[in-house]
Structure formats: C-alpha cells, structure tokens
Amino acid sequence: MTHIKRVVLLMIIMNIVLLSGCSSFFVENNTVEEIAPVIFWSIQEGESGKLKISTLVPPLINEKKSMLTLQVNLLKQGRKDFNLVYYRELKSGQLRMLFISEELAKKGILPLIDTLLTDPDISQRLYLVVIKGNFEDYIRNQVDKQENLDYFLYRMLKHYETKNQGDITVINLHQFLKRLYSPFSDPILPVFKVNKENFIYHGTAFFKDDKLVATISDMNDQILQLLNNDYYLKLLPIPSLAVSLGQIRSKVIIKLASDYSSISIKVNLVGRIEEYRGDKNIVDSDELEDLNQEIKSYLEKQTTALLRNMQQWKVDPLQVGTHSLTPFSQPIKDEEWLRKWGDMELQINYQLDLQTMTNVNK
Amino acid sequence: MFWKKRKSGSDRKQNDPNKEVENTTLTLDTLKNIVVNMDDAEIIERQINPDHKVTLLYIRTLINQERLNDEIIEPLIHHSPAPIHECINVCKASKVNDLDEAQRQLMEGAILLSDRSEDQWLAIKLENPLSRSIESSETETILFGPKDSFSEQIEQNVTLIRRRLPLTTLKTEKFTVGSLTRTPIVLMYIEGLTNPELITIAKSKILTIDYDLFLDSSQVAAFMEDHVHSIFPQFQQTDRPDSCVYALGAGKLTILVGNTPFALIAPITFFDLFISPDDYIHRWLIGSFLRGVRFVSFFLSLTMIPLYVAINTHHYQMFPLQVLFVLLESRSKLPFTPFWEAFLMLIIIEIIIEASLRMPTKTGQTLGVIGGIVIGQASVEAGFASKVLIVTVGISTIASFLVPNYLMVKANRLLLFAFMLLSSILGIFGMALGFIIVLVHLNGLTSLKQPYFAPIAPLHMSDWNDLFIRVPLQWIKRRPVSLYPLQKWRSSRRR
Amino acid sequence: MPSPSLFEKSSPFSGVYFMLMVNRMQMLYFFIIMPRHLVHPYMIMGIMAVGILSQVNLMLLSKWFSSNFSVQGYQGFVQLLGERTVRVFAFLGLFLILLRITVMTLGFVEIAHQYIFPSMTSNWLILSIFIVCFYLASQGMENTIRFVVIAFLSTIWMVIIYYSFFFPPIASMHDLYPLMPPEWSAISWKGLLLVWSSLSGVEFLVCLTPWLRPKQKMLKYLTIANTISVLEYLVLFISSLLFFSSNYLVKTKYPVLDMVRYLQFPAYERIDIVLISVHLFVLVFVNSIFILLFYGATRILLGKGVQQTTRMGFAASFIIILVSILIVNQWFWKSGEEQNIWLNLQIGVGAFTYLLVPAFLLVATKLKGRFKV
C-alpha cells in the first residue's frame, strides 16, 4: 500500500513540474557585486531626434570612474546598450536622479517620465532636475577631482528635500506626475546651471503640461518657496534694502472671489532680521517700522510681478485653482479655470513679524 | 512521513535480561547464582547462636557501608533473643517473597537479610548517598533569586520541590522506565489544580515507553513527544526547582527523571521557552522590556543573515543608497556568492560554539579570541567575507543566545540555515514562505496534546498579560487559561 | 500527521475566530485594486453605503447561524434542502470555490510577479504558494481555522503604515473634494459592485458552522469584522486619494502598493516587497480553507460525506485545484483588469453569492417552518 502511495506521490510531483512548463526557475541575477546600480541618468537631445543618455560608472564604488554616453532612440534601448558597453550589468532599481536638459524639457518629457514610471524597479522618489548647459562636460571634468560625485549630488538633493529645508526646489517623479495629472496645478522642477566647473542652483522651471514654459530665478524663486513649495526660507537677502531676513516661515491664506474675478493672497511671515547694512537705526521702533514697510512693499511688488508673469504664461504652479474646490459643489473645468486665472485681479498682502537681533550695527 | 506506522513493542520480552532466569524460588542458592561474577557482591553468613544463622547479601558499591556496620552488623552481634527485624536499627525493612523482587531490591541498594530460623528474607534499604551537593544552576543562571538547582539524586530533587510546595495535594507518582537502566521517573502535579486530562495523558504516555537506556530526561521526553520530527522542543527542560514550582503552580506537570538534574515541564507553549525566572524578579516594566528584547533578538537572529542574503542576491533596491554604498564597497571583491559566504561563516561560527562548549573554561576563552578576532578580522582582510556580514553574523549569533532555553537556541540555528536557503532562492518572498511554514508548523504542534502556540492560536486573550509583556504580578490573577486548570484564580479570595 | 481526520471536531471555536476570518477574507485581494475603480472622492460615501448594506446582509446571515439547522452542519443542510439539492449545491460550490481561489491567487501572483520577480515564470510562484497551502490544509480544518489568528496578527499592522499619507506635505484637503457626486450617472457602479464583491467570501462560512460553538452572538462578531474591513477600505481609499488625487489615481494599476513603494524608512526602502510577501499569510490561509471546503464539497458530491477522509482524496482535490489554476494561468489569464474576464466574473459571482446565500438560507428555514430565533 505504501509503495503505491509513494509512486502516486512521485507521479503527482513530476506532473506538477511538467505542468510548470519545464521552464527553469528563472530569477533575475541581482547579486550586488555583479551589477552596477546606476543612480542617475542624464538625458539630452541627440542628433536627428535621438536621445543622448549618459551615466557614470561604476556607481557607488571607489573605483576609477568613467562616463558612458550613448545615442539612442528609446530610453530602455539605452539601458540595454549600456550593458553591452560595460562589464557590469547596469540596473535601474536604485535610480535616484534624472537630469533632463532644458532643450528636451521644452519639447515635452512625458514619454520619458512614463517609461520610468511603468518600470516597477524604479522608485517614485526619483528626483527630476532640469539642466541648463552641458552636464556631461561638468561630469567629465569633475569626476577626477571628486570621487563619488553622483552620490554627493544625490545626498544634496535628499538633504534639501527632507523636511523642506527651503533654499531650493526639490521635486520627485511622483510629485511631478501628481501635479501634471491633477487639474488646477502645473508641475515645477528645479533648474541647475552647469558649466565645466560648477553645478549651480538656478531656479525653478514652470511646466505647462509636460513642456517647460518658463524659468524663474533668484528673488522670484525665493518668493515661490515662501508662497507654495516649502513655506520656509533659511535666508532671504534683499540687497536693494540692504537687509537679510532669516528663518522665515510663511503662512499663506488664499481667498478666491466667488466669481473668480479676483484673488487675495495674504502672506504672514515670521522671521528675524539677521543682517542690516542700511542707514536706519533699527533698534528704534519707528525706524524698524519703516524698514518693515519697505520690506513689505518690496515683497508685495515682487510677488505681484511674479504672479502676473504666471498669468501671462498661463501656468498655475501655486495650485491656486485648488482653492476653488469645496466639499459640496461641482468643480469647474480646468480650461475654464486657466482662462479665468489669466485675467484675475491680484491682491497681495504681506504681514511681517520680524524680530531684530540686538547686536546689529548703530 | 504520514504513511508510516509505528511498530508495536512485540519483541518486548526477549530484551528483558532478568526474565532469562528460570528458577524463581527465593533461596540462597538462587541468589548466589545471580551474583556470580559480580565482584562487588558480598555475602556474609554469621552464626549468631547455634540455631540462628543470618545471611547478608548486598552489593558493596551500592550501599552505605558505615550504616551497615552501625545499624545491622552491630545489633546482630549483640543481639538479643528477639526476632531479627526487631533488633536491627533501621526504620524500614520489608519482606521479600520472590526472586524478581529480591533482585530489584538488591540493585536499588538494599541489603537482603535472611533469617534462617524464620525462613524469610528481609530487604533493608541502605543506599549509598553518593551524590553532588546542591549547586547553582549553570545552564540557567540568574543574578537574583534562588540559586539552588537539581542534582542527579531524584529523592533530593523531590525534596527541593516539596520544600517549596508544602502541600499534601502535591502528588508524586513513581514509574520506572528503561529495561536496562530502570530509571525512576516521578510525575508531579498538584491534585485539584492541574487539569486531570493532562495527568491522564502523561501517565498513559509514560506507561507506553519501551526502550532500554534512559540517561537523561530528554530521552524520556523524546518518547513522550507528540511530534517526533519537529525541531522545536515540546518539553521544557530545567534544572531550577523554582521554575518547576512555578510551572506546577500554573497547572502544569513536572516530570523528574532519576540520575539527571534536568526535570521536564509539560505541557509548554512556544512562548514558555522565552520566559526566564528573571522576568518575575525584576520590576514589571524592566521584566517586560527584557522579555521584549528576547523576542526581538530571536526574530533578529532568524532574519538578519537571511535578509543579508536576500538583499544581496535579489533586492538590491531595498537598501537606501547610503547603506548600499557601504555594502557594495565591502562586497565588490569577494569570491563567494552571498549565500555561500554566509553559509561558510555560519558553519565556522557553529564550529567555534561547539568547540568552546567542549573545552575547559580557560581554553575556551582563548578560543573566543581566536574565533572572534582572528577569524573575523582575518577573513575580512583575506577577502573571504564582507565586513557587513561579519557584523551581521556576530549580532545574530549573540542574539540567538538570548533565548533562555538552550534546545530552542539550537532549533533557532537550524531554522536559520533553512531560511538562508529560502532567501537565496526566493528572496524576501521566500523568507515569508519560510515564516508561514514555521508558523503553520507551530500552529499544528502540540505538547502533551495541548496546542503549542497557545495564547495566540488558539486565542486566549486573558493569557496575554504574561506573554510579550509581563504585567504587574497583582494583575496576573488567573492561571493560564490555555491549560484549563481546575482552580482558575491565583488569589485565594476568588474561587 | 496528528489528526486522524481532516474534518475532526474536538473543541468548538468561539466567534472571535469567525470574526478574524471574515475580516481577513474581506481583505484578501480586491482592496488592492479597489481605489483605482472607485476613483472619485465621493465614492467614500459609496464605500460606507455598501458597508451598511453588507451589515444588513450579515444580519440575515447571523440569523442562519443561530438557527437549528446550522448547528448540525451537513446533516442540517440535508434536513433543510434534501440530499439531492445539497449535492447540486455542492457541485455549484465546487466551481465557485475554484473560481475564487483562481482569481485571488492569480491576482496576487500577478502582483508578486510585477513587483518582486518580474522575470520569473509565474507558475513557480503559484506552485510555491500552493505547497505551503497544502501543508496548512493537510493539518486539518481545526488547525487551519486556528491559523487565522496568526494570519490576522501578522497582517493587520500593515494599515498603520499608511498613516503618513494623512499628514502634510502629502495630504491636502482639496484632494478629497467634492464629497458629493455631481449626478447619479457619475457614480461608478462597477466600483460599488467591486466593494460589495470584496466584502463577500463570508457566505462560505456557513459550511464551517459545525466548528462553531453554538449559541453565540454571531452578529456581534460579524459586525466587528465588517466594520474593521470597511474602515480599512476607507483608510486605504482616502490615503490613496490624498496621495494620488483622483485624476492620477485612474492611471495607476495598484495604487495601494505604489503608495507603499513611495515610503522610505531609514533602514529599508521599498517596503512593498516586504508587505506583499507578508500578505501571503492571508492568501495561504484563505486558500487552505477553500481547499478544504473544496474537498468537503467533493465528498458530499460523491456521497461520501460521512466516511473517513483519506489522504488520497484530499491530495486529489488539491491537485485538481492546482492544475486548473496552472492551466488558467498558462493560457487564459490576461494581465490588466479591463479585459480580464476572470476578474470580472469573480466580481459578479462573488457579489451574487454574497447577496443570495444568506437570503436563500433564511427563506429556506422560514419555509421549513421550524425557524427559531
């Protein structure tokens, strides 16, 4: 009896194995020492509509690094071709940054992004960065001087992302796509300017759908951080008033008129004056009040100008439109909103609550 | 596995050597016949008065010779005309009627005394008190709390328990197992508290034991287990009387086995193996914390190395870049795959552990140095193992020793290898499969027919106050519900 | 193997086990794809409405649990419906069970395939899962029911991970607007059907009444289970709305998992791999229960309901299930939900049985005229 049972059991097992299609138990070889988990792609426009992608290999290891560059039609084709070039297999599971050239961004990046999104390997925390200038030159030039360049770039972006450190815009794949697909909001991306020597934060790029339409920088960018992105700035120097504000936290209250003809934006700033080189005696409360007024009107002027520009570009990176939503009413159409946003009246109002540091000059 | 049928003990009679003796009438001749070729058997014949001849037969090595002189020989020499059993100075003398009984008494350290005049044999127990003194436990050491531990003398062990539980309801039932060793077994329980079903099961299990040698309680446990193939111990072995008393008070059984200091406690649950007597000595918060640490470290010791293997072979995406940076750096020039690397290191660790157990203490320390520093450091520098793995193996090995039960520690190591294999094949998915298999196994396991995973599956929420955390003793009002004790409440006011 | 019979009943289970079982069956697979089908914020109300409806249904079911017939198990069914009818139902049940196991397993395997082992032949995953199921099921009904506690405890904590989506910067209130549907036609009826269907599975528990301790307040336990499930659905749906906002939500395949993928913990990123693997506990448990039910139904169908269970019979029904799943996976299963008839079939059939079984049983007992509350 037991013999029969065993034979039956054996046959069953064999049948199951046969049913599994005789296929090998195939799992991807992800052994860490044999792969090169790339952490960034840099994508530029190539010749005749091709993409020019490059990355730095080997990633993360203290070995002599070199730049790989390929001209391809498809992003994934690039991934495949890299493997043919390089002795370790390139894997995209640790892809952390995507540098897109400005020219490419102006033409639209959705196909690129979509490819990355559908890859289950790639984390949605992938940082997207727009690059002004030739990124490759920068890498080629710097890789000998600084080991683990790629890694430090990632650490920088991560540092500013965590708990919104102010200063720079950091946007990842998910945030970009959420803004892209949601009505009443347009995506933004950070812009970095590179030359052979430097990698400098330039400002924030505004996107209309997936195309870059405008870039703001300097003070405008700072104001954007206060209004929407971080609600926090570590330092806000205003050279024309000879004053530096520090540790500024903002609270933004946006009110839309019911017929969408006007918008009032109230910004409460809490911070402190960290540096003053003007000729007012800011220990004196009257003169401090003057300074406050000056800063206030300066910021109001700047902000109004920024928003006017946005209206002209027909973009809404501040997601102002979301304030038209209420729990129990129907949302208006996206196009209608953009039309109304274009000729909306602006009322910008700043409230400042600035502490003075006691040991300022005079 | 499940189609095997156990062979019944049909060839029982052939194995029993005593049965070969055919002549069963109890005479001096038959006795002499038995003790032939036994160097330590002594026969003393003494003519006390013309019509009174006394014969003493005993095994020299088993009896207390001083007491023999003082209590039997002396009175016999200065004997009075009274019957012999009245003149000797011992408390217990029993009549022996047949040869089997005589042999048994003889081998248990009795002196057989024949009174020719009355034509009877008396057996007088005078065992050799040769034994260790009571020492503190070496396998389950605690800093505070009672220090005494069991020794090899079963009577002494019973004493240690009885002193702690001065109850007439504390029953001790004696059995003998082992056709050669004739090891005494004492089943202890508190009548009227312990679930009678448990007692019945235990008794029936003990009675069916049929084997020749029993040198340790674990062998007795092996014959009483419900699941022979499981790697989890289904009986708790302890040499601490306080642990036994705690178990008895909770409604469990304790089985003392002769000639070994380790008593068996049953039924146990998986979680009992994580409980140390310390837990009830510390403040409850600290006790709970320590118990928590024990569970966490058990989990860590099981998962750390498999996770290392899984992530290095399959899921490189799982690590933050900062960690991957370290990992890639340390693994970039290694000759082995993560699985073999970890496997080799674990085997080496096992070898070191086994070796240090067998070595005398002082050599053991040297071994630790060699094992820890030389092999660890050298293998990294030679490029056989990554630094990360050495750290992982170290932590996981130390963590595995936090489980108070040594049998569990070993089970843990074996599981580790299985998990490693699974994780090298299917990564974290494989580990999850492994965990499910282990938990399904634990879920189906029983100890004395009682569920092994008790307060969780089956669910007894009221037992959870002494499971992962130990609440203040005042709050542990009930005895474990999962044991169905006859007296549910610990405090005497609530019945 | 410890128990001589797979369907042994040594000690009855309290309603808590059924509570956990109901909850885990409702949290098996559909909740993963649910947000994508519900999409609009106002469907929050939809989930609640279906939850209440399900509660009504459970009240009917609990009436059955307290009836005299349920206590007797198979004999009760025979008394109520006659043996021939019971056999017919057992025959139908075979297909229902088979469909349910197939869809749930293949759905899960598809997820595992996509997120963990994109290059592996999925048949191997199915095989490895089923070997574990076989091990659990072969321990008998009692042990399998008991396993629900472990399955529950090892998976219930996963909802907690979603807490971070309820806090800024991810969360903003306007993603939840509008809360009222603009018009009736805007309601995704298929989504509601999916919610209803994902609450199903409970109706199969009527086959497990012999293991239940009689004379309990089953309604209490069923209510708790249903409430927990609905709350979990709400948590997952609201958090996925907050994370994706409804327009983007439509475009993701497994929103619930993609959200977890976004989280980063200090030591591990990609928690999704761990969570999917741990979710296996539920799948293995539910599959094992259904494998045993399948075996039981086969025995009833063959008229061997009272005889001793055999290893061979059990193994045979296990093999039938496994083989049919492998066949479906190999030739008939299409990835993607819109065109997947199996999934749509299960949504329909699950909803149908969940709606009808309690009502039918109740009506049958009423007609027998021996109904006792």
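General observations
By letter and in written order, the chains are A, B and C; residue numbering begins at 1 in each of them.
Going forward, contacts are C-beta pairs under 8 Å (C-beta built on N, C-alpha and C of every residue); 3 or more make two chains touch, one makes a residue touch a chain.
Computed from a predicted structure; not experimentally measured.
Taken as a graph of touching chains, this assembly is complete, with every chain in contact with every other.
For the pairs A-C and A-B, the count of C-beta pairs in contact is higher at A-C. Averaged C-alpha coordinates give centres for chain B and chain C that are 44 Å from one another. Separation between the centroids of chain A and chain C, computed from CA atoms only, is 41 Å. Taking each chain's centre as the mean of its C-alpha atoms, chain A lies 64 Å from chain B. Counting partner chains per residue, chain C has residues 117, 264, 269-270, 311 touching two or more of them. Listed for chain B are residues 3, 314-315, 317, 426-427, each touching two or more other chains. Contact of a single residue of chain A with at least two other chains is seen at positions 5, 25, 27-28, 121, 123. By the touch criterion stated above, chain B contacts chain A in their complex at residues 3-4, 311-317, 321, 324-325, 327-329, 331-334, 337-338, 425-427. Of all the residues in chain B, the ones that touch chain C in their complex are 1-3, 226-227, 314-315, 317-320, 323, 426-433, 435-437, 439-440, 443-444, 446, 451, 453, 456-459. Chain C contributes residues 114-115, 117-121, 123-124, 127, 169, 172, 174, 176-180, 182, 243-245, 247-248, 251, 258, 261-262, 264, 269-270, 311-312, 315, 319, 322-323, 326-327, 330 to its touches with chain A in the complex. Every residue of chain A that touches chain C in the complex is listed here, in rising order: 5, 8-9, 12, 15-16, 19-21, 23-28, 120-121, 123-125, 164, 174, 177-178, 181-183, 322-323, 325-331. Contact residues on chain A toward chain B in their complex (touch as defined above): 1-2, 5-6, 25, 27-28, 30-33, 35, 37, 39, 60-63, 91, 93-94, 96, 121, 123, 148, 151, 154.
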